[in-house]
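As written, the chain order gives the labels A, B, C and D, with residue 1 at the start of each chain.
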Amino acid sequence: MSLSNLFDGINAPFLAAGLVLYISAVISGEWYFKAPGERVRFRVLVAAASAGSIGILSSGNWLLFVFFLEILTLSLWSMISMKEPRAALVYLLSQLAAAGLILVGTAGVYAHTGSLAIGPVPEPWRVFFMAGFGIKAAFPLLHFWLPEAHGKAPSPASALLSGFAVKTGILGLIRAFPEPFAPLVLIGTVMAFFGAFMAVFPRDIKRVLAYSTMSHLGFMTAAVGAGSGEIAAAYAFSHAMIKGNLFISAGIVEKTFGTRDIFALRGSGRLHFAAVAALTAGAFFAAGLPGTASYLLKNSVISSLGHTAPWWQPFMLTAAGMMAAGYLLNITAPLFFRDNSKNGTPKHEEGGNIIFAVLSVTILLLVIAADSFFPSILHAFRVDTGFTPASDKLEAFIASAAAGLIILLARLRLKGIPEQGLPDIKICLSMDEGPLYAFNRVSGCCHPGRLNTFVFVALVFLVLLMLTL
Amino acid sequence: MITLSYVTSVIIFCIGLYTIMARRNLFKTVLGLALMESAILLIIVSSGYIPGGVPPIEPFMGPAVNPLPHAFTLTAIVIGASDIALALAFIIKLQRHYRSVDLDRIRGLRG
Amino acid sequence: MNIRPFLFRITALFLCAFLGVMLFRGIAAMPPKESVTGPAAHYLERASRETGARNVVGAILFDYRAFDTLGESTVIFTAVCGISMLFSRRKFHRSSSGLSFIAKRGIGIMAPFLIMYATVIILFGHISPGGGFQGGTIFATVTVLLCVVFGSSFESSYFPPKTKESLESGGALLFCGIGLVGLAAGTGFLSNLSAGFPAGREGSLLSAGTIPLLNIAVGMKVGAGLSAIFYSMIKMLDTTNDYREGGPIR
Amino acid sequence: MTLVLAIVVPLVAAFLIPVFHLARKTLPVSLIGIMGLISLSASMAAAYAGWFSPEVSLLGGWAPEIGIVLVADRLSSAFLLITGIGSGAALACALEKFGGGPWRFYAIFFLLLGSMNGILLTGDLFNLFVFYEIFSVAAYLLVAFSMSWQALEAGLKYLVLGTIGALFILLGTAFTFMATGILNMALLSEALVSVPRETLTAISACLVLGLTIKTGAFPVHFWLPDAHSSAQTAVSALLSGVLVKVSIYALMRVCFLFFLETNGTVFLAITVIGSLSALGGHLMALRQDDIKRLLAYSTVAQIGYILIGVGCASAAGAAAAVFHSFNHMLMKMGLFIAAGNVSDEKGTREICKLTGLWKEKPFWVLGFTVLSAAIVGIPPLNGFMSKWFIILSSAGAGTVIPALVIAAGTVISAAYYLRVLSAFVSPGESDQEDPFKSSPRKVRSKIVSLTIVGSFAMFCLALGIMAFSPFSREYFSSIGRTAVDVGAYVGLVTGR
């Protein structure tokens, strides 16, 4: 294991993000978990997760990378299962599958090149790395675990998940595909738009944030595909800060008012401003308004695609960026501007939460400091690509208009949407009962308990052997 | 001439195998096992045959047949006998529980 | 119509036929043998000199490949041990009174001759066709006949199960002991003449070193073992009508 | 000289037990313990001798061409170590559970021990068959030892299928003998080159089928879940941990010696069997409600992993297979002992009823957790490393599908082991007061079994970390090189 990777240009933003996130997760965990047993368990798990993260960032070969990825997975699984065992199971299984795929790819690379060192992946094994890191980074159709796990985990764990764990997928992609790789750009653009679109509908704050994470991961994937890993790393840092802030403050809101449903939270901001202030501030920065780090980085990603990219790729990315403003408005505006006289006052607890609100705002300030205002201080984290937004194109305008239209329509529809939002991937997850049941029936026939059937199978097997050997 | 012996033994082997699959009576299953084993022993003994051979007991009155298959056969007979005895013992014990020696009924363990 | 079992059987039949054809092709592909080759030629040529036994099969079984014989008699030991384990919880209640007087008398006259025959086959195993297995089996046949004709309680009073057990273990231990003598002599487990056992005059009863001794050991084991198996089973069948699952009903 | 003692000493112990029984009805535990120690030290001596200087012992002083030889090289020694450790643990558990009462059980146990050493050491094909028969008969009897109807049915099915397997091994041996006239495995590996194609097909199909049935791989696995789940705890552990490995040794030895140069398709077939077995075993385990049956199907899947390693037909694959065999012995024996004890005390083997165990017996649950994490393949434990080695050798052999099967197997096995664990840690029924519920059975505390489970779990952790060091990897890869180096084996036996 070499520690040399820890401080190079790609890993350093991840390391910084990890440091801030783990510290803030520990502090907010102290407040979030009430029972002493849970508190101790969470502390131990955070320690394990941070050990795994350091391992991931410092490892110089793929095997150790997977090794530490699994440690991180396990500790996060354990954190999620403190609240939602079923979502945790989905998370664990998907991550194990991802690790297995990467392991197979690693073995292939070793057989191909005779070296395990982290680096560009030769051709026939790329698909395994794409699939493996694709699950980690929640590529479309491989993202089934993300809304479940992020939405249902305890908030500090969600912050770690969204802030660091999914970024390991991006890190792996950066390492495995340092050269421009067109399929990743395609996947990234689709993913950014798809995540943003899905984020418009749910009523659960954390579910919105989860889909928002997916959308941002799409931006990063597009940057990786365009061959500019530095932009992806910087984006990952900024996004980690913002999402850490948002999830922790969503936890504050949830603990204070006892619910995460936007409809039930209408008007709560008026009653108890401190609880929702952090969330609102975070949403402001996440929305990518001009002047924030997100704005700069989104435009860097779009411009990094270059002029050879098909016209619809910047278009979709711009639309996704615009929609971010919309869906974040969806979850923050009702906190202030809706009257909740019909539903009665949401319950709320006093005390403690202000400190944590301040904490998360501090994290946020760090983002701004790092990315926008003080480039000379934290220059290592910053990428200077020149400010060449794609917004001078016509399609940027059309994209913004289209995004606005979508949000407008969605806002009109929001009233009639059931609690979980649109029929998203969750339906597919519940459909697994059907195939599983059918499979159960079929595999029951695999062991009928009848002796002559056993002998018959053995005979068929022998005949097959005779024919092939 | 020896080919006929091989053909016979292969046929007996297949009959034994078919018996195990087609018959539901456990005793017939054991019978099938015994048939298969006899067929294999027949193949082994036949393989020692030399045209015009005599028994391998000194003094030889001509070219002796291969004695090694005989030794194997003796060993394998005893082994097969113990197997079959054990199978019968199991069936007797099982018959106490199921009150039947029908294969289709003795399938408490499945799935 | 129930077509599935029929289809199953037809498929099984075809598969069996196919298997047979493949197996026969395997046999037919081998060149026909005109003479004995390999180690067997060595045995035929030198067995009487190297082991002192006239019966080459006996020489193979009890000298060249005596380890196989040890393993094979251990299989019987295991089976006997297991079968008596399986039937151990049944108490012996009553036995059939046997066959008619004529049969009893006839067997009574024949039994000593049968036992003598078995003994001869065991003891002359290295000179003539025969040996420990064959003699032991005949010995077991005697006990089976006694059991059938006189009833199992009579048989068990003449040859108590404990005697059989100790005979069997004794035979196995004798076999191992002879083998260990060879090991102690430094010529390898179960070595015969090279370990210093006397070769004797070829063709006489006391010849061929350990082979007669091993014959006796195997005869003890096989005879006692097979009769113990039969006794265990017949004991079970005798009590069949008295027992249902879970205890006696009267 | 020590090699033959590894076989004869346990057999003599087995022959002596009835004699002792005549003198005394219940044998003292210490006597059986001493016998076990002597037998195990004999086999360890053989393993030691074989590891450091490959050894051949000629039985009866006859040359390898005409007599029987015993051969101990590194492959045999590794498996001798596996069987030695596993049998010792099983014997300790059995002694704790049964005491000295069932003397026939111990006699059969020692016969099994002797025959396993025989299979591992013999260099003669027919002798292999003979020892295989002792081994199988003893195994059938151990399965049926508890005499419940499940055990008897499982025993009968095991017997019929096992006998068919043995008959096919015998048929393959007969064909080999007919084609070449010799039975020494080293000489056969040279002689088989000149055998006609059709005969070689029959030989390889018969031997592979026979050994696969004995191994319990997927398409012919039927006896395995029945037998492993119906037997007593100690016996299940022995069956799953040790007996299966002995069959795998036989498969490895026979295939590497006979078919490496003559019929390479055999290894492709083994890879296919292994992949099917891994997939089928895991999927069948997913639908089990009975904890021991679940573990048994998991064994089928792990056999698949090992066979994938064997099917690579390379030194790396063989080494990975041996490493995984060793790991599986540790993990599955520990799991069976833990599950058996826990379900004995609860009086049920249904997973959904095994609740509240975390409060009642935390150490058992902890041991079970570590071992199941190891078998799933969670990083710091040995299961991950052996899985990685198998994937590596599979990719090195140019086939990715088995590696993908292993990756999928990880996910499925995590799903079903988590189901068991979540049942263990969920709150038990005993929290509610139920006057009609019978009081839990008083069971003696099982310190020895617990120690075995705990030490196996520690072993898993230690091996997982050790596998990173190049030194220990060199040890394991030397086993693999021995396994595929046919020339060295032939030279060792013939003295050329």
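A few remarks follow.
Please note the rule applied: a residue touches a chain if its C-beta (ideal position, glycine included) is under 8 Å from a C-beta of that chain, and two chains touch if they have at least 3 such contacts.
Source: prediction; values computed, not measured.
Remark: among chain pairs B-D and C-D, C-D carries the greater number of C-beta contacts.
Taking each chain's centre as the mean of its C-alpha atoms, chain B lies 28 Å from chain D. In this assembly, the C-alpha centroid of chain C lies 30 Å from the C-alpha centroid of chain D. Centroids of chain A and chain C (each the mean of its C-alpha atoms) stand 73 Å apart. Centre-to-centre, using mean CA coordinates, chain B is 16 Å away from chain C. Across the assembly, chain A contributes residues 444, 447, 451, 455-456, 459, 462, 466 that each touch 2 or more other chains. Residue positions of chain B with contacts to 2 or more other chains are 13, 17, 20-22, 29, 43, 47, 66, 68, 75, 79, 82-83, 86, 90, 93, 97, 106, 108-109, 111. Within chain C, contacts with two or more other chains are made by residues 8, 12, 16, 19, 22-23, 27-28, 38-40, 43, 65, 68, 72, 75, 78-79, 82, 86.
Chain-to-chain contact here is organised exhaustively, every possible pair of chains being in touch. Here chain D touches chain B in the complex through residues 126, 130, 133, 137, 140-141, 144, 147, 149-150, 152-157, 159-160, 163-164, 166-167, 170-171, 174, 177-178, 181, 225-226, 229-230, 287-288, going by the rule given at the top.
Here chain B touches chain C in the complex through residues 2-3, 6-7, 10-11, 13-15, 17-18, 21-22, 43, 47-51, 55-60, 63-68, 70-71, 74-75, 77-79, 81-83, 85-86, 88-90, 92-93, 96-97, going by the rule given at the top. Here chain C touches chain D in the complex through residues 22-23, 25-30, 37-40, 42-43, 63-68, 70-72, 74-75, 77-79, 81-82, 84-86, 88-89, 162, 165-166, 168-170, 172-173, 176, 179-180, 182-183, 187-192, 194-195, going by the rule given at the top.
Across the interface of their complex, chain A is touched by residues 8, 11-12, 15-16, 18-19, 22 of chain C.
Note for the complex: chain A touches chain C at residues 456, 459-460, 462-463, 466.
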